[in-house]
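The two complexes that follow have chain A in common; it is paired with chain B in the first and with chain C in the second.
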Partner chain A sequence: MKPETSLADLAIRYGFLLLMAGLIVVFAIARPAFVSPQSAVFILQSVAITGILALGVTATLVVDGFDLSIGAVATSAMMLSAYVMVVWEMGAVAAVVLCLALGAAVGLINGLLIVKMRVPDLLATLGMMFLLVGLQRIPTEGNSISTGMVLSDGRNATGTFAPEFLMLGRYRIDFILPDLVPLSVVFLLAIAVLVWVFLEKTRHGRVMYAIGSNAQASALAGINVAGYRVLAYVISGVMASIGGILLSARLGRGDVASGNNLLLDSVAAALIGFAVLGAAKPNAFGTAVGALFVGILLQGLTMLNAPYYTQDFIKGAVLVVALVFTFALSGRTGRARG
Partner chain B sequence: MPETAIAIRGLTKAFGRNAVLRGIDLDLPAGQVTVLMGANGAGKSTLVKVLCGVHRADAGEVRLEGRPFAPASPAAALRAGVVTVHQNINDGVVPDLDVASNLLLDALAERRDIFLNARAMREEARRIAAAVGLEIDVTRPVAGLTLADRQLVAIARAMARRPKLLILDEPTSSLSLTEAQRLFALVDRLRSEGVAILYISHRMSDIRRLADRIVSMRDGQISGLSETKPLDYAGAVRAMLGHEITEVDITIPPPGRPVLEAEGLQLRAEALAFDLTLREGEVVAITGLVGSGKSELAAVLFGLQPPVAGRLTLDGRAFAPGSPGQAVASGVFLSAKDRRTNAVIPDFDIQKNLTLPFTRRYSGLLSLMRRAAERAAADRAIVDMGVVCQGPRDGIMTLSGGNQQKVVVGRWLAEASRLLILDEPFQGVDIQARRDICRRIRDSAPTRTTLVLCAEIDEALEVADRILVMSEHRLAGSHRNEDIDLNLLMAQVAGTLSGAAQSMEEYA
Partner chain C sequence: MISRRIFTALIGSVALLPSLGLAQETAPAPLDNPGEVKIALVRYLSTGDFFQAYLSGVEKQAAALGVDLQVFDSRQDAALQADMVDQAIALGVDGIIIQHGLTESMKEAAQRAVDAGIKVVAFDVNVENDMIPQVEQSDRDLARLALEQALADNGTEFVAGYVYVAGIAPLDRRDETWKTVKADNPGINEVAMFGTLDNPIANSVANQARAVLSANPNITVMFAPYDEFAKGVKIAVDEAGMSGQVSIYSADISTADIALMREPGSSWKATAATNPAVVGEVSVRTLAMLLAGEDPGHNVIVPPTLITQAMLNDLDIKTMEELGVKLPAFAHADVAMTPWMKLPQR
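After this line comes the complex of A and B, so read on.
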């Protein structure tokens, strides 16, 4: 092999990790406070929810699908948990179980729309997104949910968020420093490891990658392609509802205005993940790194006092660069939809 | 002797090192239907693409009515009077427009005025439709037409240009019998108007109905020409499939007990039913032309589609698989043809491609893959199949076609089966890979029954104990692979002997 090609290979393989390291160095020089345990934890906390959503999207990308409804599922789960505790005055366990059930049900419906009704994945999940964005506001007539709010029958809601539920988003574990690591970061890491093991190490993950690469050949190998496609959307829905639970627990109210960036940030993380280690395919490790990358970038820019709109611009630019890394430089034909 | 519309001399075309056309000499007379036959990869499509301006020839000359003809683009070919109706009919029509707009599409593309006069367009369209005997409401959108009507619209549109040569590429492959009749009537009409017609088809009933001459192609050359009536159909098939005596070393085992039995099996509504028994230890090849029903038989046995009628038993028990998964669970495996679309997982390495159907076998607690077991199975399969590679972790796309084929066939040989169906297992592989695959199929055959589907008779002779012939979606012959009467076999492939084929012809 010629040295030029191996250099290009190296660039494709490690380019993105190098870029991330360079970014950390630049921010550290500009703002020394950037490299502190607190700063690191803050970054992790800021990406916990989008990271979990992104891991769900990754499952659908693996089977050559796409889920645009994740942001709406997450905010719906947030509103549902608030409604369950504040209006129905039920406990934390009921709220969590109902939210997970909602995510699984939406994923199942998405999957069936795509597999049985043959609606293209982007359209099916886009439709579901609109549906959920409206649905989550119907019970409260468009208002946010919090203790003491006036219900449609004139009563005041007397329920409160259960303390155990709030812990999910707010509790911090002592690690090196007291009260350092938020529980949501632990969830992110645990889910990232679980999804990675599932996709890379189990036969189910293997089969899902086969479907994404050549669905017809997979079906002719006796694989239940439709079943695995539905499973991918159920995974995505459940992940999104976990993200919604954490969001609700962090905010302590059902806030109709929150969660606007969830979809774009998590899709960006999953797509940036294509470029990590030259994978050129959706993968859990890359997605986690992608989420981290977005977090580092935003935290650094915030510390440099960059205005919020430049942050969106830079996020988009990074995504485009990552996609160039993946598809143009590695010279492979993209398996992602064109 | 009618005048020659198009004369081809010494035409060659290669893609890289792969010579596809190796010196074609062919005349197409005006006012005659020349049928072109050739197996997959014989070079038919490339020849058509040179004539209709998609490809440029490397060497050789084409003369259209005596003038040199070397179209630089499909549009140039069209202007010169060479019209092609492709197999995929949607290349020829715009589904969202109405019939009138489709008929006038070429004129519309060339006009410079901005607004369209709908009434004048309809008049013009009706005139064009009437000229080819097409009775159709020109205001209907093409998307609402049947496939046959779309095809007629495409031809009518082409005929508005007064072509000298009309090329029809497998035009009846998706038409019903009555629809095909309408097409034939149109072809008759154009023939009488003096158009030279090049008709590509494998359907013997079409060929008998239309052909004035039959040209056979094989390996990029013209291998046979029959132009005096009565036409020699079996000879044309023989020239197309070819037969070089390969030394065959087949020892036919004594018949085992029946593994798969089919009774009254009917693959298509208009096809005849047939019975089939496959016995343990034997390798049975089914040969037949493209569209003879081989792949439909495989699809029924593998649970991809239910038969129109008939019942199957596997080892004496009723067998009606509803999906490939169920078929595999019952021990019926299918190695599909066209590996690039139906078998290869391009993102996977050799090992993952080999173990794909049986991941359950190599996974343990919590479905985690057992790497050592999987690796051992892959190493074994690579040795057994003789796959030439660095190791099992090489990407599948780094292998040559023959080695890819060994991997996707080896995938199904790695586990014990009751019935193994191999659909075109030698497709696109070199002679050495073909020998390797063949040897492996026969070595592993005693514990199951094996069904090999292949269009090439040589391949059937090389692999099988028994050769069955399919024609018009039913069995047309059965031969023990010992001193086979090849002339009889070829005639059965061509359908010239069977009563069924004769009755099929009556619709013409």
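After this line comes the complex of A and C, so read on.
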């Protein structure tokens, strides 16, 4: 089929990016402070954690799966890192390694539950979510973790967050202006590029898309479908644990939290990503743009003193519009490609 | 949830009973035989330092009295909380403490408990019932103390940012005080109001505060009357490199908060707080008075204490425990007291 550049096609391909540019212009006129290097960095920083989680979810969406446990993995990793440093008094490296291991292990268990035990993906990861929300509270009997907290045996915890660990969330790199770009933003950009290259440019990524569109045909073509699906959940788990590490480094303590907001925001970003450039499928570039879009909206609205419920409302409206873009307008082209 | 800690405390208090009996008036019935007295704590909010400390106060005072405590935790599910009151009634408890919740969902459940002959105390939720004493930390006083400090530090003219989420009873009461103070001091210019309860709260508020600070770089005072809000604002102020310029005034306190307030050059200048553990103890004592047939009064108010950065530094206070030891006003509130009341050991 020869591609025709009709107006509708243009709208589907670039509509979302245009909408984003329009928003930036509107916010810039209303609040000149919105268009400064600092402001751009704020926005990236505010979406760094959800963006990284969203890239993990994207990997599971690509193989036609879904991971509901990412928010809980992130907050569990946050609690674990705090526990390792404050209670066990170990260093930053141990904290990071253990968190990544936790993420990988949870991803592996999710994957095996889904592939080997044949539990539907939503149910398996939902179960894992509840399990983790409870598990993260058991060692501290439901308390948040910070230096000086009272342990269950009556001692006070004396460990502190390692400065190298805090740097992950707080250190800033000189770029254009001194002390401008926080490390978390660098992580977001690096991970976005990595996931994009992996999914779009490597054989593994293309195989995963093939599994997502027709698992049976892929299996008949000799692809290790089970292995790739497990891999997708491991990627998702590791991404979520990276998000948790950054969260912990930013807050400087282990906060008891369900992570449901992180889950919802990152899923929203990944779904908005379907509409970017008319992809009509999960994709890393779209997810990154989706996360950025939500960040720009929230930042701009906060600057305009819009209360939080209007922000939720607008986030929801954007998601609905994005889904309409994806499923109604570009449905034909999406199917033609698939 | 009866933890091992309560159990050991119970055993301990039984062992101590003879010696204490000599020193103190014997408690009136039914508390003269406290092992037979069952009380329930029905919670709406439980996540966060404040609610953990509140629970520990309830546990300690219950253990000191020797009564059997059972904790129900509805985790912000209003309907479930009402069901849990019915569960407690069915279990045949002698007294119930309702901790937070919504008036609409708790009013009838509380009435059912009263009808069943159970003594009920409500903390920080108005159940609109004359039979039920209301334990309150005085949120208006809390906000007033923090704001008086803000006025003392910054004069009566400043540009302010304000963190607020409507519909949460303590925050609404603190908001009333903020409105009064603003009306009395026209020099206060509130340029931004923001806030969210998306968890982790500190992280979400930090993101908002960053936007607010870049839109309004002239802000010098942030009034964040809840410590999770203050934490978020402090993260944003630090990230924006404005800690020399902005002063944060808040309410509530925890060990982690003390560390943040004492960081060198910290922008978190003062907080007003009632010790949540003391509020927990007062809740149990109020219930004990009701059980013994005494009248604690309809409003049992636990007075707050002002805690400034300077106080913490001068007295070298690092934890909540040290705060209690070095600031006696914080460790014990002289409300809901009777001669026979047994207090937790300090």
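Keep in mind that, in the parts below, the second predicted complex is superposed on the first by the 322 of 338 C-alpha atoms of A that agree within 3 Å, B and C clash if a C-alpha of one lies under 4 Å from a C-alpha of the other, contacts with A are read in each partner's own complex, and residues count from 1 in each chain.
As a working rule, a residue touches a chain if its C-beta (ideal position, glycine included) is under 8 Å from a C-beta of that chain, and two chains touch if they have at least 3 such contacts.
Remember, predicted model here, so these are calculated numbers, not experimental data.
Steric overlap between chain B and chain C is absent once the structures are superposed on chain A; the two fit side by side. Note on chain A: of its two partners chain C and chain B, the one contacting more of its residues is C.
By the document's definition of touching, of the two partners only chain B reaches A:210; chain C does not. Legend: residue contacts after superposition of the two complexes on their common chain; A:218 is shown touching chain B, with no touch to chain C.
In the superposition on chain A, A:201 makes contact with chain B only, while chain C stays out of contact range.
Look at A:303: by the touch rule set out above, it reaches chain C but stays clear of chain B. For the three-chain arrangement built by superposition, the Cα-centre angle with chain A at its corner and chain B and chain C at its ends equals 130°, in steps of 10. In the superposed pair of complexes, A:281 makes contact with chain B only, with no contact to chain C.
In the superposed model, A:31 lies in contact with chain C only, and not with chain B. Of all C-alpha pairs linking chain B and chain C after the chain A fit, the shortest spans 31 Å. Judged by the document's definition of touching, no chain A residue lies at the interface with chain B and also at the interface with chain C. Across the complex, chain A meets chain B through its residues 197, 201-204, 206-207, 209-210, 212-214, 216-224, 281, 335.
Residues 302, 323-325, 327-329, 334, 336, 341-348, 352, 356-357, 359-360, 362-363, 366-369, 411 of chain B are the ones touching chain A in the complex. Taken together, the chain C residues at the contact with chain A in this complex read 3, 5, 46-49, 52, 165, 192-200, 202-204, 206-208, 210-212, 214-215, 217, 231, 235, 238-241, 254-256, 258-259, 318-319, 321. Listed in rising order, the residues of chain A touching chain C in the complex are 31, 33-34, 36, 38-39, 42, 45-46, 49, 75, 78, 141-144, 146-150, 152, 156, 170, 179, 182, 247, 250-251, 253, 255-261, 298-300, 302-303, 305, 307-308, 311.
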